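Next up: the structures, one after another.
Same chain, two partners: chain A is paired with chain B first, then with chain C.
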Partner chain A sequence: MAVNVTVRFFAVAREWMGTASVELSIPDGSTTEAVWDLLVQREPKFSTWRDRLRLAVNNDYVSAPVALRTGDEVAVIPPVSGG
Partner chain B sequence: MVRLQREAIELDAVLRLVASGSAGAIDIFVGTTRDNADRRSVRSLEYEAHEAMALKEMERITAEADRRWKLTGVAVVHRTGRVLVGEASVAIAVSAPHRAEAFEACRFIIDTLKQTVPIWKKEEFADGTTEWSGLGSANPPSH
Partner chain C sequence: MGVQGSFSRYARHLVIPEIGAQGQDRLRRSSVVVIGAGGLGSPVLQYLAAAGVGTIGVVDDDVVAESNLQRQVIHRTDQIGRPKVETAAAYLRALNPDVTVRPVASRLTSMNAVEVLRPYDVIVDGSDNFPTRYLLSDAGVLLRKPVVYGSVYRFEGQVSVFDARRGPCYRCLYQTPPPPEMAPDCGDAGVLGVLPGLVGTIQAAETLKLLLGVGEPLIGRLLLVDGLAMEMRELRFKKDPACPVCSASPSITTLVDHEAFCATSQRQEDAAMVREMTVEELKERMDRQAPPSILDVREVDEHEFVNIGGTVIPVGELPERWKELDPSKEWVVYCRSGVRSANAVRFLQQQGFNDVKNLRGGILAWARTIDPTKPTY
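After this line comes the complex of A and B, so read on.
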């Protein structure tokens, strides 16, 4: 069984990817680490900037790897600059 | 009350959102767009938001401020899309029984918003180039 998640990109990360979102299929039991691994394969900048990027799952920031389920939405959050 | 909007922010309307008979003070913070960044001349700015998450995070911050300072009203309005130099990009209004709480809560809200709310600013410079604030121009971290 695979887990299917939507990964959304914003701001500079959206421009790196050239798209606002992708659907990823990861092995059952995978965590957000599996999402990072796939993103780094597609775009090396995710590796370069990983320390400055945050992930959110279903609209909440996550700081440690969390298990993902089908239907989850993962967002890649570059350093914010609102205000 | 928290809101993202593409239209210009009407400050009178924001103040009305927090008006209360039990308030003795209203504090309003207005963030405006600067005409320069890193010594370069800025022509306009573009704000992008992860809207659902930004609203959720703004709600979380205002709830925390309300819990800490027992406010009588709180409103946060942030622009998205193109914002011209000198315009308000964000307005935060807080009403409270006394001014000390209003000042502190207002400062807490803007400081926290700038750290956690997923909104990004792209600067368009006078020479036509653009850059995302925060990461766009930075050099990659060295390991």
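After this line comes the complex of A and C, so read on.
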């Protein structure tokens, strides 16, 4: 069984992906680590800047890997500095 | 009550039970310092002065440029070239003579931050760069003052309130500043003019709430403003138990200038990976009729506005179009300030271009030192 999640991209991450969101299918029992792995495959910049980006799952920022269930929304939020 | 000025000026505040004469007097006795009199600072300053905040500090070391006017609505066309703190102060004094405005025309650093920020009740972050944002968040923790944070990127904005006594700080979100190539400033990234207006007015509202002690401040909540979808979402975040500044056992206990060590390490990294040519060297090569091939990686509109010749391939199109360029030639790549072109140089090196250099400082450096008739933006 697979887990289907929506990943939303903000700021420069949206530019890298060229889209505001993607639907990802990850194996049952996966955590946010599986999302990172798929993102890195699609865009190597996610690997380079991984420790500078933050993830939020269902609008809560997460630090450690979090188990995901179908319907969860993962947001990728880079820091922004413009004023 | 001690409300100065005419009763009618604040009439719409005085009739609100949560404000009233007492709240209005509280605003008059309050002080706020706004760092940056730019896109965010403009609406923050305007609304705080209009609301009758008694003392407002404005910190900015920049002068008004034409390219500011698309979003920095506190400045005018006839004020181009004047210090921003002066033109902002003139605007605020004309708007509300009850307000004492204190302009500070210097850049905030770890050396002057405590002295500049200490006299104020609330700090508003309307800066446009990461080093200042980290400095302000750290200073807020050390001085035990709330920092009303806002930032913008293209069609997006972020707003939050950092108050380490009651919640997390900026470093609980992002522990260290990102490197420059991940984080272009507004000049390089672009921003819809009204976006800082949306974000700045929310910052002004949060500031007034803090001063009045009403409502729920955005502590531990980051408001994400998406101007394209016109959606706002609230992301919750917690104090990081390992935060280097606001945790129980902090590793950073004095203010640091991130610019100093970030820029240095970045420069060393760049020097190792990206070779540079100065504008003086390029001019000299042109003068002796032996110029390198020149590549402009800015957008076509930017090239048409001002250029020093060369082939135009926007940096975003380079992965598809680099084969239009001859890798055996000597190349010099430029953009506005040198950030995008450094990325382009790295990319071209990976594709086998052996002789490719970054024009240090970009066309801004050219306009500054070689040809002042070139317009800047």
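Definition applied: the second predicted complex is superposed on the first by the 79 of 83 C-alpha atoms of A that agree within 3 Å, B and C clash if a C-alpha of one lies under 4 Å from a C-alpha of the other, contacts with A are read in each partner's own complex, and residues count from 1 in each chain.
By our rule, contacts are C-beta pairs under 8 Å (C-beta built on N, C-alpha and C of every residue); 3 or more make two chains touch, one makes a residue touch a chain.
This structure is a prediction, so every number in the text was calculated from the model and none was measured.
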item: First, second, both or neither for A:27, with chain B first and chain C second; value: neither
item: Contacts of A:77 with chain B and chain C, given as first, second, both or neither; value: both
item: Chain B versus chain C as contact partner of A:63, first or second or both or neither; value: second
item: Shared chain A surface residues [contacts with chain B and with chain C]; value: 10-12, 49, 52, 56, 59-61, 75, 77-83
item: Chain A partner contacts - residues on chain B that touch it in the complex; value: 31, 47-50, 52-54, 56, 78, 89-90, 110, 113-122, 132-136, 140-141
item: Interfacial residue positions of chain C with respect to chain A in the complex; value: 36, 38-41, 125-130, 133, 150-154, 156-158, 173-174, 176-179, 182-183, 185-186, 189, 191, 196, 222, 224, 226, 228-229, 233-238, 240
item: Of chain A, residues touching chain C in the complex; value: 10-12, 20, 49, 52, 54, 56, 59-61, 63, 75, 77-83
item: Chain A - residues contacting chain B, complex; value: 8, 10-12, 14-15, 48-49, 51-52, 56, 59-61, 75, 77-83
